[in-house]
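Two complexes, one shared chain (chain A), two partners (chain B, chain C).
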Partner chain A sequence: MSLSPTGLEQQVGPPGFAPLSFLSRAVFFFPEMNSVGEACTELKREYDTCFNRWFAEKFLKGDRSGDPCTESFRKYQRCVQAAIKEKEIPIDGVDFMGPNKDKPES
Partner chain B sequence: MKIWASEHIFNHPWETVTKAAMQKYPNPMNPSVFGVDVLDRSVDTEGRLHSTRLLSTEWGLPALAKSMFGVTRTCTYVQEHSVVDPKQQTFELQSTNISFTNLVSVDEKLTYKPHPQDPEKTVLTQEALISVKGVSLSNHLEGLMAKTISVNASKGREAMEWVIRRLNTEIEELTATARGTMRSPMAAAVADK
Partner chain C sequence: MVKYFCSSTDIRSTWDHVVSAFWQRYPNPFSTHVLTEDVVYREVTADHRLLSRRLLMKTNRLPRWAERLFPSGMSRSVYIIEDSIVDPVNKSLTTYTWNLNHTTLMSVEERCVFQGSVEHPATTQLKREAWISSSIYGFSKPIQEFGLARFKSNQVKAMKGLEYALSNLQGEAPQRLLRDTVKDASEKAKEAAKTLASAAAVPQKPRQFV
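Moving on to the complex of A and B:
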């Protein structure tokens, strides 16, 4: 469940007093972001949970072992790419293996 | 065209800041960001993580801007490409608006690196290039936008501190409840600090 900005502000208080209900959620019970595709939010959060854990515990520590999130990423991607097409969001082509791309003019 | 740049030091190590920056949204300082999506992500042959993300924002444009530009929708999209190099300890992000590109171009670049003299600190260098197109008041508008970017940058830094506090709080709680039954290297690192 996502929290309203007001709800988040109320929790910026003394540390260690987060509501206990958070403990029943996934290990990294962070306030969560939505997807641009409303139907994709759950898939996105599953992927994010996996990624954030791998990123903090493996990747940043120099552990080059496999990425455990490929399946959740695939499912999430299928959904989000469809949402982007449907909303006609003008995504620029991705060149992820190359040098940082120049920003295009309109 | 307007150029804005700033440098800021966080009193937290690079790894902490990088984890926080990766999970920056949502936070109470940037309520206009309503969606963050990963469009692509991979590790290159040198072990660097490349990510392309889409940020969806809802601004609530002032009425004047709406009547000037004739737009009724206020949803704007930003595309961001980032690279995390865990060996060199750099996190670089570049973003550009992909909405209203016929009107304005805002390119931003952020780089997080460990402080050269103090590994417990992180330096953020941030720059923005703003260009308003085809409007005679462009200098004035660009000035306004630079000011907004400056204000937002300081909110962004507050947001980072907020996210870092949340991360540390979570870790403390996990450590307390787990009581050694769950070994988390991150919790151990924070507890040792």
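Moving on to the complex of A and C:
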């Protein structure tokens, strides 16, 4: 693989196999998503893990027993809401489904 | 002036799988432009629906002519809100997504409805609508055309990303869960690879590795 004049060039592989080989390499480089608050990423991942399990095993099956993720959500939110304020992201007071209210029913 | 875009497609997966994958679709090889993802609100209603709000931060990729006109736009990321309602009784997931900033330049709103079917449980119908507009006088049309083209390209990436998440969930190698051609998929993969390469060439915060 040689460097092109513009910088790094990614070789994708022979056309027939391009999608799979690219995807398998990409998996190695993209383990998890980050939070907008750098310090919150670990708390986010803990919460996400709890939520995904609860969602598939309880919520979708109509199980209305307690939510096991309340505590991890609370910790995560404390961190991320502080980061949102600090970065002045204009999310405060935005109505749920805000602009959808003006749209005709699909 | 607002451009309206609407499409319907069938996803060859059960609604339960689609909704679970919806929460786990980032990161994926086609979402290199999505930098952060956070759930900022969540509530289970009395009638057992799940309301959620996700905040996403994406890079703002503009064509050269727009970069020259709006140089400050380059340095600021785009913040996007994704509100959603999961109704497991009616097997519907409704999402509404829009950008919080850069709205004068371009406003993109998208509504998606993922509907499960009792008659065809192995399939989920997806209906998407988008509204794209720009308030910049004199540049509206080219900006809207660009916005529409980027939106369509992002939609393809979004579907590829969802397919990828679905395959991971189902423990299979990534396969085509939508009707698509092999040539099309490899072209999209090459496009995604170019985005990766150009992202690698631009100085940015180092990614976290396991």
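As a working rule, the second predicted complex is superposed on the first by the 61 of 106 C-alpha atoms of A that agree within 3 Å, B and C clash if a C-alpha of one lies under 4 Å from a C-alpha of the other, contacts with A are read in each partner's own complex, and residues count from 1 in each chain.
The definition used in the following text is that a contact is a pair of C-beta atoms (placed from the backbone, for glycine too) under 8 Å apart; a residue touches a chain by one contact, two chains touch by 3 or more.
It should be emphasised that the depicted structure is a prediction, and the values quoted were computed from it without experimental measurement.
*Asks:* So, A:Lys44: does it touch chain B (first), chain C (second), both, or neither?
*Replies:* After superposing on A, A:Lys44 lies in contact with both chain B and chain C.
*Asks:* In the overlay, answer first, second, both or neither for which of chain B and chain C A:Phe73 touches.
*Replies:* both
*Asks:* For A:Val36 in the superposed arrangement: first (chain B), second (chain C), both or neither?
*Replies:* Both partners.
*Asks:* Give one of first, second, both or neither to describe whether A:Glu57 is in contact with chain B, with chain C, with both, or with none.
*Replies:* In the superposition, A:Glu57 contacts chain B only.
*Asks:* Figure out whether A:Asp92 sits in contact with chain B (first) or chain C (second), or with both, or with neither.
*Replies:* first
*Asks:* Following superposition on chain A, which residues of chain A contact chain B and also contact chain C?
*Replies:* Overlap of chain B and chain C footprints on chain A: residues 8-9, 12, 15-16, 18, 23, 27, 29-37, 40, 44, 47-48, 51-52, 55-56, 59-60, 62, 64, 67, 73, 76-77, 80-81, 84, 89-91, 94, 96-97, 100, 103, 106.
*Asks:* So in the complex, the part of chain A that touches chain C is made up of which residues?
*Replies:* Residues 6-10, 12, 15-16, 18-20, 22-23, 26-27, 29-37, 40-41, 44, 47-48, 51-52, 55-56, 59-60, 62, 64, 67, 73, 76-77, 80-81, 84, 89-91, 94, 96-100, 103, 106.
*Asks:* Would you pull the chain B residues touching chain A in the complex into a rising list?
*Replies:* The touching residues are 15, 18-19, 22-23, 25-28, 31, 33-44, 47, 49-50, 52, 54, 56, 77, 79, 81, 83-84, 86-87, 92, 94, 96, 98-99, 101-102, 105, 107, 133, 162, 165-170, 172-174, 177, 184-186.
*Asks:* Could you pull out which chain C residues touch chain A in their complex?
*Replies:* 16, 19-20, 23-24, 26-29, 34-42, 44, 48, 50-51, 53, 55, 57, 79, 81, 83, 85-86, 88-89, 96, 98, 100-101, 109, 111, 113, 127, 129, 131, 164, 173-174, 182, 185-186, 189-190, 192-194, 196-198, 200-201, 207-210
*Asks:* Of all residues in chain A, which touch chain B in the complex?
*Replies:* Checking each residue of chain A against chain B gives 2-3, 5, 8-9, 12, 15-16, 18, 23, 27-37, 40, 44, 47-48, 51-52, 55-57, 59-62, 64, 67, 73, 76-77, 80-81, 84, 89-92, 94, 96-97, 100-101, 103-106.
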